[in-house]
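Paired with chain B in one complex and with chain C in the other, chain A is shared by the two complexes that follow.
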Partner chain A sequence: MRVQSAFIAVVLFFLAVLAFFCVFAPNFATASNFEDLMAGFSFIAILAIGESFPILLRGIDLSVGATLALAGMVAFDLTLMFDVPGYVAIPITLAVATLCGAVNGALIVKLRLQPFIATLSTLAAYRGLVYAISGRQLVPELSTTPLSDPWIMGLDTYFDIGSATGLSSLIELPWVPLSFFIMIATLVVFGVMLGRTRFGRDIYTVGGNAEAARLAGINVGRTIIIAYAICGFCAGLGALLMIARLSTTTESLGMGMEMSAIAAAVIGGVSLSGGIGGLAGPVIGTFLLGMVLIGLTLLGISQFVQQILTGVILLIAVGHDRFLAVRRQKRLAANLAEEA
Partner chain B sequence: MTQKDESKLLADRRTILKSMALGSAALTGAATGLMAGIDPVTGVVGFSAARADERVKMAFLQIQPHTVSAGWSKGIEEVLSTQQNVDYTQLDGQNKVEVQVSLMDTLINNDTKVIFLQPSDSVALAPSIKKAKRKGIIVITLNIDATEAHAAHVEMNHYYGAMEIAKVMGDKLGGKGDVAILNAPPGIIIRDQRTNGFVDGLKKYHPEIRVVADQVADWSRKKAQDVLSTILAANPNLAGVYGVNDSMALGAVDVAKEKGLLGKMVIFGNDGEKDALASIEAGELTGTQYTDVFQQGRFAAAAATVLTSGLVTAKAFEQQGKLLMPFVIATKDTVGQIQPSQRW
Partner chain C sequence: MSALSPNIATRLAPHALTIAIAAFVVVFSVIEPAFLTPDNLVGIFRQVAMVGIMATCMTFVIMTGGIDLSVGPVLALSGVVSFFAMEAGYPLPLVLAAGLAAGVLVGLLNGAVIAFLGLPPIIVTLAMLSIVRGSALLLGGPDLHGIRDQPGFTFIGTGSIAGIPFSIYLFVAVSLLVVFLQKMTPIGICVAAIGENERAAFLSGHRTRITKMSLYAISAFGAALAGIIQSSQVHTASATYGEFGTELDVIASVVLGGTSLMGGNGSVARTVLGVMFLGIMNNGMNILNVSIDIQLIAKGAIIALALALAERG
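Up next, the complex of A and B:
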């Protein structure tokens, strides 16, 4: 796949911001800070990877935060209320999240709803369901009981790569959280799926022009449903990593996180007009937003500036995306004119 | 002085000792160098001198900007600004637990000595508090306790305050009737403390009053309006409402106004913010538990200052300290004693 200019732009911007904070923000260029960044944002990066699929189809999934909360609550209820062991609870959780995504896709395909409307409705519905099944409300003493299942809590593990490879005698390296490796694995698996398989090509074709894809014999409906299911699956994966980190879940878990995921995907060069973008960009976009939060905090800059800056970065990314889209259209028009 | 510096110093001294003739002066010097890191009681000169001009970082991490946390921060700042060597910052958790956890990590990494924390969840922040404790960082929670023990907890008197509310509210109701609770979302210990205090208070002082509804209204005035309207439909004879914070109680006042029940329903809040006190003076809200949050912030800052200037680290605590704030049950009769400068 051709490397997109939007991706190169985000990589360069990422490196520039990284360099800036390393030089100017106290305690930014430290092993423990990079450890914090990896631990704090890997699960959001997984969400951003998932969110890229609907956006590649010129759609959107607003329900990822609610799906994440629902998955988290399912895992919480299973392990704490019903004493289901983690090796059973984890696959069930992922299945529930995947189903949530598939339902989004089915609503869009079968009822021909706008993705925005469909996932806005399921956002409310899934969030409501979280409250309805909340083990923290049904069994009050569970609200202050931490998760203890070794399989789920084991997801919050750190690896001392530095000592294992002997590099720590030369330089202090961060301990790498398991969530980071899971994020990389997710990136590789779905990256290969997107770049090397027929399903991946179908996604780009459908996102570029759904009607043309249908005429070319692609099963558009199935492609859309699978894409939203992948998005749901990623939300489930993110939920498991997050509840392991927090040692519990909350009813409001992941509220507003759809915005972080969408922002990261768009900043990472996934075009809102569909059909363009990869998965590495959204990951970099996530860590870019994470660096901004932590870097500005270390610089002691006012708590509100970070949010303003996130908005500005997003605006630049969307503007850049729009600029590229307009340029593509002009080129296409010019080519057509030439042919005519 | 860090350990590395000290060992380097010692190593230097050893070379000196090797290369030069042994002298008693050199020995004494080496002994002093050794002592500096060891003796915690006398606080050897070299050690404390290094600390004296060191800036001490303290930060307040709130759930999200709110009148209560703004009041605490003002009180904290008042005390810390006079200490000359404290750098104080206030951080916004953006009402997202993952943001709060990330910011905790950042504060820990940034050599912060004291973290004032208003946890958005009592369990979810426990791993972060544990991590801070390992680094010797003093964590002082405000209002919402955490399940992981830490240096200190300064709270509005949730349990006994709510008990007192039940007593005064029951008196106003004449000892009988149905009441509803507009509650906070679960997972926050303060919810249980206030609810239990209220229910226990009713049992103790007014056993004939029944709690007919206890529903979550998310701390929010708007949500409380919807929730109470639903409760009223099912319980038209509702005589009293207890909102576990003022916003929810004011939401109840809105509903009472709309349905013409003002004056017939006894409505109590909790916290004592400016709007609630004004509403009491206007004869709308019946009462609230008032706490001086500026003072609460000052107390937390005072504890932090004493601990850090005494070089007490989080590892030195045997168990969590706890401070309950004095309070006033503000009603039309008592609200006047709360001075304008104490209103937040």
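Up next, the complex of A and C:
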């Protein structure tokens, strides 16, 4: 019930903002602009999908930015320092990122740390590891060498859907970046996992009430570790797309990006109180934020005002979430009163 | 013996942080005697003064189960506001009042939204982080503003009395003040009550909402004061100060001091210990020439380990 109303609200808000910018922002409703939007925000949407899993469990993952940097550096080192071909480097990178996430989960489950603390300490630790293994510092001349591996650079491909389908004779369509399709694939895979499998049900149950879940025979610890591992995996995927787009990486890659991911998830209706929300919301939330940033830039509004508005949108989203929760509680109370 | 050891462990647990600090001091001084020189010890206090002020002021917020992620931009905002007040030619007391008031205003706003609308503190202060940073940049732009010919203002961060930097006096004064608030005034009791069970505190007549709002104002006050010290120390004000990560250092100090993020338990005095612990670790590793990567990894490992042990204790 609440999932739907929060999701519908964000979709409506998304459409309203889209319509507003199409009408008022010059050059917003152009093919190249939508191409930028898709290329620039698909990987953040993937991070938001990943971040939704810890949040669904009433947790949080502050380390996604650091995990992303670590994964990016692993791919950089493997391809440039050790000349490992991309089809080997990509799985290794994803495995490292998944492991980072699993370590977060293990710290939370085995050491009983609060998610905020566990991922705060791994935020520092993973960022430290990035500096430690940085190929840019170990082999100085590499810092100016762009990535050239065809497999990794191939992630930064664009498809001319318009010409392929013949639609471009009617209307100019944006070239769709591969990262957008990867994002959609991630959404579908994890969305099915969350909505159609036992593991997905376990996530909602544990997020709703961990003790009840344990008593119902759900392996709570395993569920938590897998959820954080998925978040790590998504950060790894985001890292690959990002370094392909930049054709290099830096030690400070993804600094502060966890905040965008968390904001997108919350705007997309994933409740911080756990157990409520889906994955399509966070994706729409990401593109909503992206659209606002790009739209305001085209309107010539200062980048600083954009930061302010991003904060305001976040407040509106969480305020709306709260409003729905209060209304639901009142209805419940009214129903109970009627029955009595 | 086996019957005795858990007993010892239980007794030692509350002093674990003090023991850890002592142990690290011994280790660092043995490896590098320069660690124990008066200059270096004063240096440690001076380095932790800003984070220390922010951490003691944020302890109450965390004790109520809240959090304040917006301290970094508030630090920047207060520096920039003070700068403009100085440019306008106001006397020093007004300059400081303006800087601190800007911060407290943000804190009151945080607190009002959290306490009266019931929104989650982590998201409200995250949004405020973005809003305040944007406002500070709008006000001051991304440039550094040089502060010249302001001996009074410069004294705050760089002056010293009897060989001890003034910022250390400020740190000590703020810590004592907040400890006083916790131990000697009704605020301390109300904070503990809210942290234990907010609903019960409300029903037993505590003014929970007003109190919560003031706590966020206290936290922001600490950040604003730190902002003034920072601008004074480096002779510049900039909207980019207090960069991302400041709030995490502050929160780590509070949590190392044994305050639970779930609320309830906590003590301002122990936050000071947490601050000192992180300060000594940083200073010691710098003196031993430990590289930044190992420092970051060690910091993460220590936070995780310390809190995991505290959980067992």
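By our rule, the second predicted complex is superposed on the first by the 322 of 340 C-alpha atoms of A that agree within 3 Å, B and C clash if a C-alpha of one lies under 4 Å from a C-alpha of the other, contacts with A are read in each partner's own complex, and residues count from 1 in each chain.
One rule holds for everything that comes next: a contact is a pair of C-beta atoms (placed from the backbone, for glycine too) under 8 Å apart; a residue touches a chain by one contact, two chains touch by 3 or more.
Remember, predicted model here, so these are calculated numbers, not experimental data.
Is A:71 touching anything from chain B or chain C once the two structures are fitted on A? First, second, both or neither.
neither
So in the superposed three-chain picture, is A:255 touching just chain B, just chain C, both, or none of them (first/second/both/neither)?
both
Looking at the overlay, does A:128 come into contact with chain B only (first), chain C only (second), both, or neither?
The second partner, chain C, only.
Identify the partner contact of A:300: answer first if only chain B is touched, second if only chain C is, both if each is, neither if none is.
first
Report for A:27: first if it touches chain B alone, second if chain C alone, otherwise both or neither.
Touch partner of A:27: chain B, not chain C.
Which of the two partners, first being chain B and second being chain C, lies in contact with A:143: first, second, both, or neither?
After superposing on A, A:143 lies in contact with chain B but is clear of chain C.
For A:322, select first, second, both or neither according to whether it touches chain B, chain C, the two together, or no partner.
The answer is second: A:322 touches chain C but not chain B.
Once the shared chain is lined up, is A:242 touching chain B (first), chain C (second), both, or neither of them?
In the superposition, A:242 touches chain B alone.
So, does A:194 touch the first partner chain B, the second partner chain C, both, or neither?
Touch partners of A:194: none, neither chain B nor chain C.
For chain A, which residues lie in the overlap of the chain B contacts and the chain C contacts?
The answer is residues 131, 255-256, 303-304, 307 of chain A.
Which residues of chain A touch chain C once you look at their complex with the stated criterion?
Contact set of chain A toward chain C: 60, 62, 107, 111-114, 116-118, 120-132, 255-256, 259, 262-263, 266, 272-273, 302-312, 314-315, 318-319, 322, 326.
So in the complex, which bits of chain B are touching chain A?
65, 87, 89-92, 94-99, 101-103, 105-111, 120-124, 126-127, 147, 185-187, 189, 192, 216
Help me check something: in the complex, which residues belonging to chain A touch chain B?
So the residues of chain A touching chain B come out as 26-27, 30, 32-33, 36, 39-41, 43-44, 131, 134, 136-137, 140, 143-146, 156, 242, 245-248, 250-253, 255-257, 290, 293-294, 297-298, 300, 303-304, 307.
Contact residues on chain C for chain A in the complex?
67, 113, 117-120, 122-124, 126-131, 133-135, 137-138, 244, 248, 251-252, 255, 260-262, 291-304, 307-308, 311
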